[in-house]
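In the two complexes that follow, subunit A is the common piece, with subunit B as its partner first and subunit C second.
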Partner chain A sequence: MGDTMLEIRNLSAGYATAKGFVRAVDDVSFSLGRGEFLGVAGESGCGKSTLAYAIMRLLRDNARIESGSALFKGRDLAAMTAAEVNAHRWTDMAMVFQSAMNALNPVLSVGEQLTDAVHAHRSVSRAEAEALAAEMLALVDIHADRLKSYPHQLSGGMRQRVMIAMALILKPELLIMDEPTTALDVVVQRSIIEKIEELRRRLGFSVIFITHDLSLLVEISDSLGIMYAGRMVEYGPAAELFNDPRHPYTEGLMNSFPSLTGPLRRMDGIEGRTPDLLSPPPGCRFAPRCRYARPTCSAGDPPRLEPLGGGRLSACPYPRRGEAYGCAPAAPAAPEGGSL
Partner chain B sequence: MKYFLRKLGLLAFTLFVSVSLNFFLPRMMPGDPARALLDKMENLQPEQLDTIRAAFGLDTDDPLIVQYGRYLRNTLRGDLGTSFSRFPTPVSEVMRVALPWSIGLMGICTVISFSVGTIVGIGAAWRRETKLASITVGFFSFVRSFPYFWLGLVFIYFFAFKARIFPIGSAYDVEAARGSASWWLSVLRHGALPAMTIVVSSLGAWILTMRNNMINVLAEDYITVAMAKGLPLQRIKSMYAAKNAILPSVTGFAMSLGFVIGGGLVTEMVFAYPGIGYMLYQAVNAKDYPLMQAIFLFIAVAVLIANFAADIAVMILDPRVRDGAK
Partner chain C sequence: MSAGLIPATNAAPERAPALELRSVVKHFPLRSLAAYGKAVHAMDDVSLTLEAGGSLALVGESGSGKTTTASVIARLYERDSGELIVAGLPARPFRGRAESLAYKKRVQLIFQDPFGSLNPTHTIRSILERPFLIHGLADGKADLEARLSDALEQVGLSPASEYLRRFPHELSGGQRQRVNIARTFAVEPSIVLADEPTSMLDVSIRMGVMNMMLDLKERKGVSYLYITHDLAGARYMCGSIAVMYAGMIMEMGPTDEVIRDAVHPYVRLLKSASPSPEAGLVRTPLDAGGEIPSLIDPPPGCRFHPRCPYAEPRCRESVPGLADLGGGRRVRCVLALR
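Showing the complex of A and B:
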């Protein structure tokens, strides 16, 4: 993967609410190489979107980065002034949002929305900007005629491809995608993901792909990060992490989705709910829902990611499969013939 | 284009319906307007009655359908009958004199109020954390709750009666030569207080509407995208936020332009301003049916045309409407 493009160090970010500070991203660290594809997965509310917005410096209103740093090619994004952020954003890194319908301005044509990003950062003529916009649309298999179209005249998949073209128009080195396929049907999801993969090979940018659907990530990711309740609980090369999860939460998450190619299994899901981030439980935040939890899991500071060798990290102190987590599954939680 | 033609067709149809209703409604009411008028003139000989009936065009022995045809023909020609209370002035002449005052006062005030209110609303939403924004919004929410005739009376008391800066009523100085510079100046002086009343009392609604729309739009993802793209703030404010936020206001604006003709009733009464509203008030008092009917017709037509204008304006601003998607 070569040199490091983005290094996140102990990043914490969250929202000031009437009831207190909600730390949606809590002490997260990881690094991303040039051209690397990192998938970040977790349930709704685990902080994965906040992480994306924090890296993009797009947190709004009551949200802020609390501590830590995000080094993009050595420059700390968290410490940049607003003007520096404005110059850096979209030229160095760009973002694709969850719902392309909401992310595109309904009263401006596709062409205007593509070219205004160009004009904001480069002094080019109108014709040059339009040529670039047409070229980007071609890259995502949309005919240049569509420059005159308005968002509502496009299908959901086309809109998302326009959004991708818009994000790539200034040739950024990093593309952050926040659930880019969640609002689309499976067939379109597949075509979008193949498109992203093709463009990444051709243009060589790095990707942080955020989703709640772990199964989407396995085939295209180089690395996977699993988030739970604001913390990164497992991190490692995608295939190994998927085949041999070393955190009970990862295991549970994988059991929540059917595998398209593997044998049919019982879908177990995970019992219980995500914790309230206003007052997270002591110790490991997953402990209250973890079938392998021991009394010591629910005490002290949350466990940190520890290296397991081979580029793998886990925040579980007992990072072994099955009984080897340190104890047998607690009797009441174990389903009959449980496959966990 | 299809949308435009459809709206044009709808306009033609509704115009026809309202013109027809304007004919049939009074005739469905119990009582005879002619009788009511004639009862006021006591001790008339039957021959005199007939003469008056003929003079006012009340000799209604023809079948309804014939009358209706005649009415349609006359209305299209601009012949709206003869005013009872201003006999023998034709109604169209009364309207011709009163209309410019209403349109001048109410029309200009509505345009000013909408423009200023919308711009202030955009600013109040864009910089909503500032003290100035909250003070402005708070002040106008308060003023907005005053009834405007009451506001008018307060203005008259302070600026016309006590301070004597502005005249108490009427629309111009009768002693100045019509059309001269001093006459125009007097028009401005007479119009100032009613204009202030209308603008001050209606401004708040525009500010609040635009501000609330704008705040909703500012929470949209495409605003975040525009920020992320590093667009100039001015462009985000106008082309991304305001252009979306103004759509509901445009409809409201066109609607209120439609009420310009009749909507000034109370203001015009308070200031004895010789517009259509004041004319309607006098027509009702004098049971001047042809005049009332004509005023109602004008109000209905104005509202319909304003509605049409609103549809067209929204069509130009919103591509979704153009395609009939929404």
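Showing the complex of A and C:
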């Protein structure tokens, strides 16, 4: 992975609301190598989209970056003027938005929307833009006939692939995808993910793939970042996070999707609900739901991500969890019916 | 090992199945002039059996006809043709409100959306009271009170008094879905049709709701038809499975067997597309492109043939029948006939 494409350092961002400031991204740090595929997972409202918007400098009017930096190839996006960011956005770094398949303009054909995207940033002839549009559609397995189609004439999966083609048309080096497949059926979802994977290998861009569906991410990501209530609580190589989660929240998430082919066992998910970001609980934000929590967990500042070695980081000060105390949590109840 | 945390059959063999569909058809006529005479073929030749005390998962992609099937069973819509048999008795047109009420008490539907299905202007108390009052299930005020508490505690919402006075917006999604489930079980149904009951919930709390449904089933002995698009969730919940594609059931049988060695190419496709992190990180690419066909002009023959890597000329000519492979396994594909 060699050089670093993106380095996020202590980034905080959020929204000014009538009730106070919602710090949706709170002191988040991670780095992304060239060509690397990073999966970011976490529950609804934990700040995934806000993180993506902050990096792209597309935060809404009531939102702002409070502190920290986002170094894109060494230059701090957070400190750039609007004009400087414009020079990078869509050309060097692009984003596919959550529910993007409804984001296409209904009155313009697919071809017009693709060529408009080219003309907005490059001075090329119409023929060149059209050729590029056809080439990009072919990349996502859509026949050039479809250049004349309108969005409503395409299925959800095709619209989503058009959005991916549009994000890639200027050959960005970083692609951020915010839940690009969530509303789609598994088969369509899988074919889109395989497409992204193939394009990444061919074109060499880096990917940040955001979703709440961890089971999907484990298979496709090089690295995984797990967010909870605005904070990154665990980060590391995807396979290792899956096989040996260190943060109790990650462990809970891994216990939240049943296995398709492995042994069938009772899984418990996580009790309780996510905290309100207007007044997050003191100490570790996961403490109220954590089966390993100690009184010390609920005091002071939230624990920071600390290295565990091997490129892994966790924000739980007890990296071996209950074992540190010599006490494992109660074993989950055996499933009923004796069918195991 | 049988699939599902519930044994596939814990019913005495002589009991009639809780529910049977035989060759049920349901089309929705299109109303526009341009489409005069056309219809959405939402269910065609759908046959399935839910054993008494059993649990059957109905799986399939969006628009394949799962909700229509549940609605036909709940008799929100009447089927166009075919038989619906509940506890051995064929369904016939309702004669009067009492009959339809009795049916609705017995066959309960849980909807996908815990946000839309609870009236936002009513307290949890008035939402939960309704079924007891409508079906005359409570014996006086004290009994009603006890039943309300019991209903909420069964779904893990306690102390009940704390929840009874709240409004739906004062509950989390998971809590709302629990209220929904409490309301369903309040009338002591014998069949529960659960239409994607956890798909709108945050991932971390889905298992809690699923486990609670499994526990309730064990305690109350109801039969479940559990609708989902998640194959792994189907396996966790149900001993048997039926996979729908474009309005037809393509394969059914014991869940573990169907997942382990699916015969129908669509079911194999579904399996290879389903997330399965424990199976290793390197996967073979899918070998069928395309998306679910139009149900207004469904493809002739096997509805999967336009996407099927194994399609033969005869697949385009006539709809394959459901071949019986024994052991409860049935497959609608020419491959199964060889």
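Quick note on the criterion: the second predicted complex is superposed on the first by the 319 of 340 C-alpha atoms of A that agree within 3 Å, B and C clash if a C-alpha of one lies under 4 Å from a C-alpha of the other, contacts with A are read in each partner's own complex, and residues count from 1 in each chain.
Convention: a residue touches a chain if its C-beta (ideal position, glycine included) is under 8 Å from a C-beta of that chain, and two chains touch if they have at least 3 such contacts.
Since this is a predicted model, take the numbers as computed values, not measurements.
With subunit A as the common reference, subunit B sits beside subunit C without any clash.
In the superposition on chain A, contact is made by A:Tyr150 with subunit B only, not with subunit C. Once the two complexes are laid over each other on the shared chain, residue contacts for A:Ser191 go to subunit C alone; subunit B is not touched.
By the touch criterion defined above, A:Glu43 reaches subunit C but does not reach subunit B.
When both complexes are overlaid on chain A, the residue A:Thr274 reaches subunit C alone and has no touch with subunit B. Taking subunit A as the reference, the larger set of touched residues comes from C, when subunit B and subunit C are compared. In the superposed model, A:Gly74 makes contact with neither subunit B nor subunit C.
Using the contact criterion defined above for the overlaid structures, shared-chain residue A:Glu219 touches subunit C, although it does not reach subunit B. Subunit B and subunit C never share a C-alpha pair closer than 8 Å once the two structures are laid over each other.
Within the complex formed with subunit A, the residues of subunit C that make contact are 1-8, 10, 61-62, 172, 174, 202-208, 211, 214-215, 218, 229-233, 235-236, 239, 259-260, 269-279, 281, 283, 285-286, 288-289, 291-292.
Subunit A meets subunit C in the complex at residues 43-44, 141, 155, 157-158, 185-191, 194, 212-216, 218-219, 238-239, 242, 252-253, 255-262, 264, 266-271, 273-274, 335-340. Put simply, subunit A touches subunit B in their complex at residues 56, 58, 60, 86-87, 89-91, 94-95, 97-99, 102-109, 112, 116-117, 120-121, 150, 152-153, 166. Partner subunit A is touched in their complex by these residues of subunit B: 220-222, 224-232, 235, 239-240, 243-244, 317-320, 323, 325-326.
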